[in-house]
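Labels run A, B, C and D following the written order; every chain starts at residue 1.
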Amino acid sequence: MNRIARALLGRLAGMLLVLAIVATVVFVIVRVTPGDPAAVMLGSDATPQDIADLRSRIGLDAPLIVQYGQFMLGLLRGDLGQSIFLGQSVGEALLARAEPTFFLTLFSILIACAIALPVGVFSAVRRGTLFDQVVVTLTMIASSVPSFWLGLILIQVFAVGLGLLPASGYGGPESGFLERIQHLVLPAIALGVVNSALITRFTRAAMLDVLGDDYVRTARAKGATETRVVLKHALRNALVPIITVIGLSVAMLVAGAVVTETVFGLPGVGNLVVSAVLRRDYPVIQGTLLVVAAIYVLINFITDMLYILVDPRVRL
Amino acid sequence: MTDTTNFLAAPRLLLRNRAALLGAVILAIVVLAALLAPLIAPYAPNKLSIVNKLQPPSASHLFGTDEFGRDILSRAIFAGRVSLLVSLGVVALSTVLGVILGVAAGYFRALDAPISRLLDAMMSFPDILLAIALVAALGPSVATVIIALGITYAPRLARIVRGSTLVLREMPYIEAAITLGLPTWRVLTRHLLLNLASPVLVQATFVFASAMLAEASLSFLGVGVSTDMPTWGTMLASGREYMNSAPWLMIFPGLAIVFSVLSLQLLGDGLRDLVDPRLTKER
Amino acid sequence: MSDPVLSVQNLTTAFRSREGWREVIRGINFEVKAGETVAIVGESGSGKSVTALSAMRLLPRDKTRSTGRILLEGRDLLTLPEAEMRKVRGGRIGMIFQEPMTSLNPVLTIGNQLAEALVLHRDMSWREAEAEALTLMERVRIPSAKSRLHEYPHKFSGGMRQRVMIAMALACRPRLLIADEPTTALDVTIQAEILSLISELQRESEMGVLFITHDMGVVAEVADRTVVMFRGDMVETGETSRLFAAPGQPYTRALLASIPRLGTMNGAAGPRRFPQVDPRTGTASEGREMPLPPAGTAPVVSVSNLSIRFDLPQGRVHAVEDVSFDLHPGETLALVGESGCGKSTTGRAIMRLTTPSAGEIRIDGRDIARARSSELRTMRRSAQMIFQDPFASLNPRISVGDAILEPILTHGLLPKAAARLRVAELLDQVGLSPEMAGRYPHEFSGGQRQRVSIARAMALEPKFIVADEAVSALDVSVKAQVSNLLMDLQASRGLAFLFISHDMSVVERISHRVAVMHFGEIVEIGPRAAIFGNAQHPYTRRLIAAVPVPDPALRGTRSAAPPQEPRSPLRPLDYVAPKRLYREVAPGHFVMAETSA
Amino acid sequence: MMKTRAYLTSCLAALAASTAIGSAHAAEGVLTVATIGEPPTLDAMQTPTDIVLTIDQHIFETLYTYDAQWKSVPLLASSAPEISADGLSWRIPLRQGVTFHDGSAFDSADVVASLERWMQVNSKGKQVAEIVESLAADGPDAVVFKLKSRYAPLLATLSQASIILPSEKIAEELTEFVGTGPYMLKERRPDQYTQLVRFDAYVSPEGEASNFAGKREAIAKEIRFVPVPDANTRVEGLISGQFDFADALPVSAYDRIAQSDAATPVIFENQGWPSMNMNMKEGLLTNKDLRQAVQLALNPTDMMLAAFSDQRFFSVDGAIFPEGFYWHSAAGVTRYGEGDPEGAAELLEKAGYDGTPLRILTSRQYEFHYKIGEVAKAYLEAAGFKVDMQVVDWATLTTRRADPAQWDIFITHSNFPGDPSTINTVTDSYPGWYVSDQKAQAVSVYLASTTDAEKLTAWEGLQGVIYDDAPLFKVGNFNGLSGLAKGVEGYVPTYWPHFWNVTPKE
């Protein structure tokens, strides 16, 4: 077993190294940012002296190296630091906003896969037919549409126009889980549609690639029906590239969420970063970028583990 | 090796692929419009005339006017310049970075692990978030947005280049070049890079498309490039306020983005069919 | 014999392309009776595979069209509805293919794929099918089948996978087996095992076999009747022994004449050129004998105690173990052996494409085994290499002229103008017209590209050339011409060749001395006549015996050796190879003393 | 401190532990208010921004507050201050029977403790601290200020941001927000909502309600301030019935709200005035002629029309305070009106303008700043100026503005303060660094005056000086647009929207 353990440790070390690089880069970026949280916090008619006092109180005037040391040590303890603006720890702020972003990403991926996998497979099997050409054209157009533009149109038509769904926000404190989810329908569609186009195209390409392989011809020579050939033999082999693209699009969804959350006024992680940058809330910017990077690294790890399940040739 | 090694025939094959042809035509229109903007734009992009603001599309103003009474068609044409400039800059930077890192990781076994970790780190920054942070850090200039997006897209190119290099490195004509005693830089440039051109070109078109979408999102969020020249994203941002009363402010810049990105996707797909599939896959 | 199992009548298949339908095979007629083996033979592009795929109706329905009749036990397969045709595939006709490495589904276990064939046709439950699958595996003599039922294909060697394919095809006792180049990708010893297995299974169930190949030796070995095809047409058909004895058509005659055969050296000391064949008349004049290398010269390259090992996560592979030999000017030393024996790795180490783990490689007197790449420049002038795949040996993006010009200019041998003249001269020497220099690789055939590679290798006027399977990928007729070119260049320019190949009949014609490699070690080395005439080491004898002889009269004279589980090259990290002793049986003819393997 | 080492996995597991607060709330009586953004803190002393003051005025109270004429009237104080003849001693009597939210009594000790913290932390408080000799309780129900010199704006400073907390809760960093106001803080979830509930034991001052003064009654059971930074989202939320009140809406949405059946538009006259403040410390505009050239070149009507799109939402008037305000006067107003490019060009000639670009700093976070900048650029260029328009986000603007080397003009806006001497450009250290002898002299005259009439003439003198020195260009007055859901009664628009005396819809 030690080979497996050693390999896992190696992966873990790799992941931590990546996060260390990300943390350092984020720390540098944020420190180079002009605009000073103290100035923003105190409002426009604060005197330079007031700003200097607040800076020292929050510890912003300590030498960079000290601040970096504190930041990295904090990370090891899992403490992402204290938000300047929100009066709570970055961890709590992120956790409070995790729900909308998590569900937005989850729904978008579910919508994307629900559409993309069957359509992608079917258009690959039915290559060259009218259905295939329609699918290719639609996915081409859908992946060219900016998700925020689609979002705005959805708001105009469904929320303001027909009043079917809430235009923005995420419900008040008393709104139950179901009512909050209602707020996620339109954003999920805006994000899901664009992403499903990408996944459909990848699924189709992966299936076409696999359908050309020799073992598919062997299966047909055995007298297997077309559906068994496609589902049992071809699809199993196309899963690896498909899993890769789904993993990639989950990461892209988190980025896409930034814009969509702003358009729909969802109090999610994306919205938090945009407001944190506008009010120069360093710890929150650092914490969020790091957590998003960590999620990306985690997704990568999960996809690698899935490879092992799907393809026996892949060893750890 | 499919007959795609016959790169002389590539242009003819490309044109026979109807989708790629359509993509090339639309892209040509967009690029020409941007280049010849001063000649073909009916009005100066920033010419104010408050009196006839928010006019619907009419003979004199094909796309109508915005909240300052400026002609939207002219602004859309000029906006094309910035969006194309930024996206081209991003493609150039990510291609250069991507090729250097990709070839280094693919050709020199010792560099593979460290570079791959670096690529993982660069890839783990969602493009919009890094761009926002960088734009806030270095100020909203064209260069900042190019750097921000260039860094986040470089890994996408680097991975394809690394995959292709791993395949090409085993090719006999590369090993022949080594046995002929050609210096390494010559082997890398004349033999390796020349054959990387097509897979890189394919991925570059898709990066171009993503860069345009990202640039539009950034300027929409108000953290994009800050030139007094309009971009499609800023036009959408200021048009949003009047979406109900003057929808044409939102429609035409949006369509401009969709068509430009669509043309690139079509072109990219057309090119991909010409390239040996083994070279366009990530390893 | 009863009425034929398969009767193909006036079969024509066309492919849909931009310019309308293009006929690929025209007017094909033949029959296969029960228990009979019919071979279809032809060079690449002759349409032999399309014939087989048309019979199984496996070609894409929207892009292909077949006319004529294909009667299986009286029923015309071309008009059969798809549902019925599915019952025929795998049920009445079994088919096996050329590439065993990719013909099995990598993500499904062997047992699952075998059982599937049974479940599809003999309405068994999965449990019963898996049990039956075990007996099938034992029937095709896969060692320790019981424990390997639930393993995945990537754990099996090429030969073992082909056996699984055969078991799958014959699972439902079909009346006809179609074998499309089943042994082309296999080593000659494993090929012999598979061929004897197929004939044994055929005898048991009296089934017809349609055998598709390009190798006349295999045809002579297995076929009762033979159909010769050329560019989609049937050139000639007939009883195999009659066809070999008195070929009717000039193409068949030319084909038979240009096949390298074992044992046709009749006493020549040096190498002998392949017969010149006149394609129109098919007449062939025996090739002349080539001179021996000048005696007493210092070796151009001498390899001593060369070892190359690769470390993998699972263990260490000893690819080359303690190999030593010399190569003298004007001499051709052949390195022969089956895939995985280390012959290519040795060649690549000499060219420093891989770095050896131990031992010395002296070129022009200097050991370059672990020299740094900067010091290798001078060595690169005296040693050059030719590769197997003609389509991948030339950079597609630059003209052939530039490809040859580049080394001359980078080494600064000649100024630009003189260099261009040199290129023209080189092209002429390899039998190509100089004004082809401006063209690009895709405009040349396989044979022509290999000639360009040879010209490129000679650009730096090397002392010796490593030819790694240089002619293996060429069609039979072209293979002979390129081999003759190499022999001519050796005679005219005193070049030495390290000729790496698994094709024993080509090695016999072209080499002065032969070294036989097995599992990284040289088991026997000596003059070509001694090795082929008086082989000492059991492995060498087995190797020569397994080569199919293109003469039906000699069929079945060999014993079908029991299939062995191929030894895994993996060793533990601390494995130390035993020191090998060599007996000198005759002057220059050494045999590894220990009689293992 | 939540143990966040397992943070990565718990972030994904947040699904299960979604913190839905299911507090049952009385069906009626909730007011949902969409604000422009999340207040950085509820400590109005430290961060006296509009958004903080809007929320805090419901929780805390000050000694005095502003009536309709923006004059200070008693709130926690029981009557106007008794000022000694020499104007150096101010005794402020306090109201009795007032209690804090936590039940503790309100007395002079709380006032002294609160005002001392105010004088350390608040920027206006620090200016007051310089002229205060001492502050002491005079019995439980009065406090006495001893001043070093007469200081007219003292009353005004005690009417804004100088909130009174229980002495026990006073700390460097406020953690518990307990006041005497009509509403108590129930819960604050940053970026989601700030929830206030009715303080039943509230004791209201007497008198008819006028602006912030007079009777205050907490009718709604709960007020919920929801930050919605994007203006368009506030509009759409209002129209789709999600909000009872939406603050600071883009004027272009007026017609849509008017036509909608869910809400009605509310205009707050003379909410504020945009200005182009000039850098007098370094760069081009240290030269007075150039500053005056800028004033001459600009056309306020077009700038305001571009920014507020409709006459109903702005007025063009050179006087710094608009009509209806006590301090309104046209004294000294010059170079304001139609925009005179030729006149400006002459001044440029006279000043020997060499074409170095005029750097204008603005931000799109206040869309009307950006629109004013666009039009100003056109007119300045028409007059011969080279203009480099720099559009940055607000945080970068406030930082660059602090460095005299980086800009020439920045665009901002402010309200019409109770006391004219608190206008930004009057304080020397305010970016633009307007320092001149005649200004200092006019300010001291104002500070020294005691009666209202004296203060008015002193202010007129100061306004004349301001126009002559030309430290800024006042563009005009704009009205604020907000939206009120139909069915909500009793809302009276004020500069900081307040929601006592307001009945929520059924």
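Heads up, the rule we're going with is that contacts are C-beta pairs under 8 Å (C-beta built on N, C-alpha and C of every residue); 3 or more make two chains touch, one makes a residue touch a chain.
Because the structure is a prediction, the values reported are computed rather than measured.
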| item | value |
| --- | --- |
| Pair exhibiting more inter-chain C-beta contacts, B-C or A-B | A-B |
| Where chain B and chain C are represented by their mean Cα positions, the distance between them in whole Å | 47 |
| Centre distance in Å when chain A and chain B are each reduced to the mean of their C-alpha atoms | 21 |
| Centre-to-centre distance between chain D and chain C (centres being mean Cα positions), rounded to whole Å | 88 |
| Chain centre separation (chain A, chain C; CA means) in Å | 51 |
| Of all residues in chain C, the ones touching two or more other chains | none |
| Multi-partner residues of chain D (at least 2 other chains) | 365, 393, 395-396 |
| Set of chain B residues in contact with two or more other chains | 136, 139, 223, 240, 243-244 |
| Contact pairs between chains, per stated definition | A-B, A-C, A-D, B-C, B-D |
| Interface residues, chain B side, partner chain A - complex | 19, 117-118, 120-121, 123-130, 132-134, 136-139, 209, 213, 216-217, 220-221, 223, 236, 240, 243-244, 247, 250, 254, 257-259, 261-262, 265-266, 269, 277, 281-282 |
| Residues of chain A that touch chain C when the two form their complex | 3, 128, 213-215, 217-225, 232-233, 236-237, 310-313, 315 |
| Touch list for chain D against partner chain A, complex | 1-8, 10-12, 14-15, 18-25, 32, 37-38, 40-41, 46-49, 123, 126, 187, 189-193, 195, 224, 226, 228-230, 233, 236-237, 239-240, 242, 365, 393-396, 398-400, 402, 412, 424, 429-430 |
| Sites on chain D touched by chain B in the complex | 231-232, 250, 252-253, 255-256, 302, 305-306, 309, 364-365, 367, 371, 374-375, 377-378, 389-393, 395-396 |
| Residues on chain B engaged by chain C in the complex (per definition of touch) | 1, 3, 5-9, 16, 171-173, 175-184, 186, 190-191, 194-195, 197 |
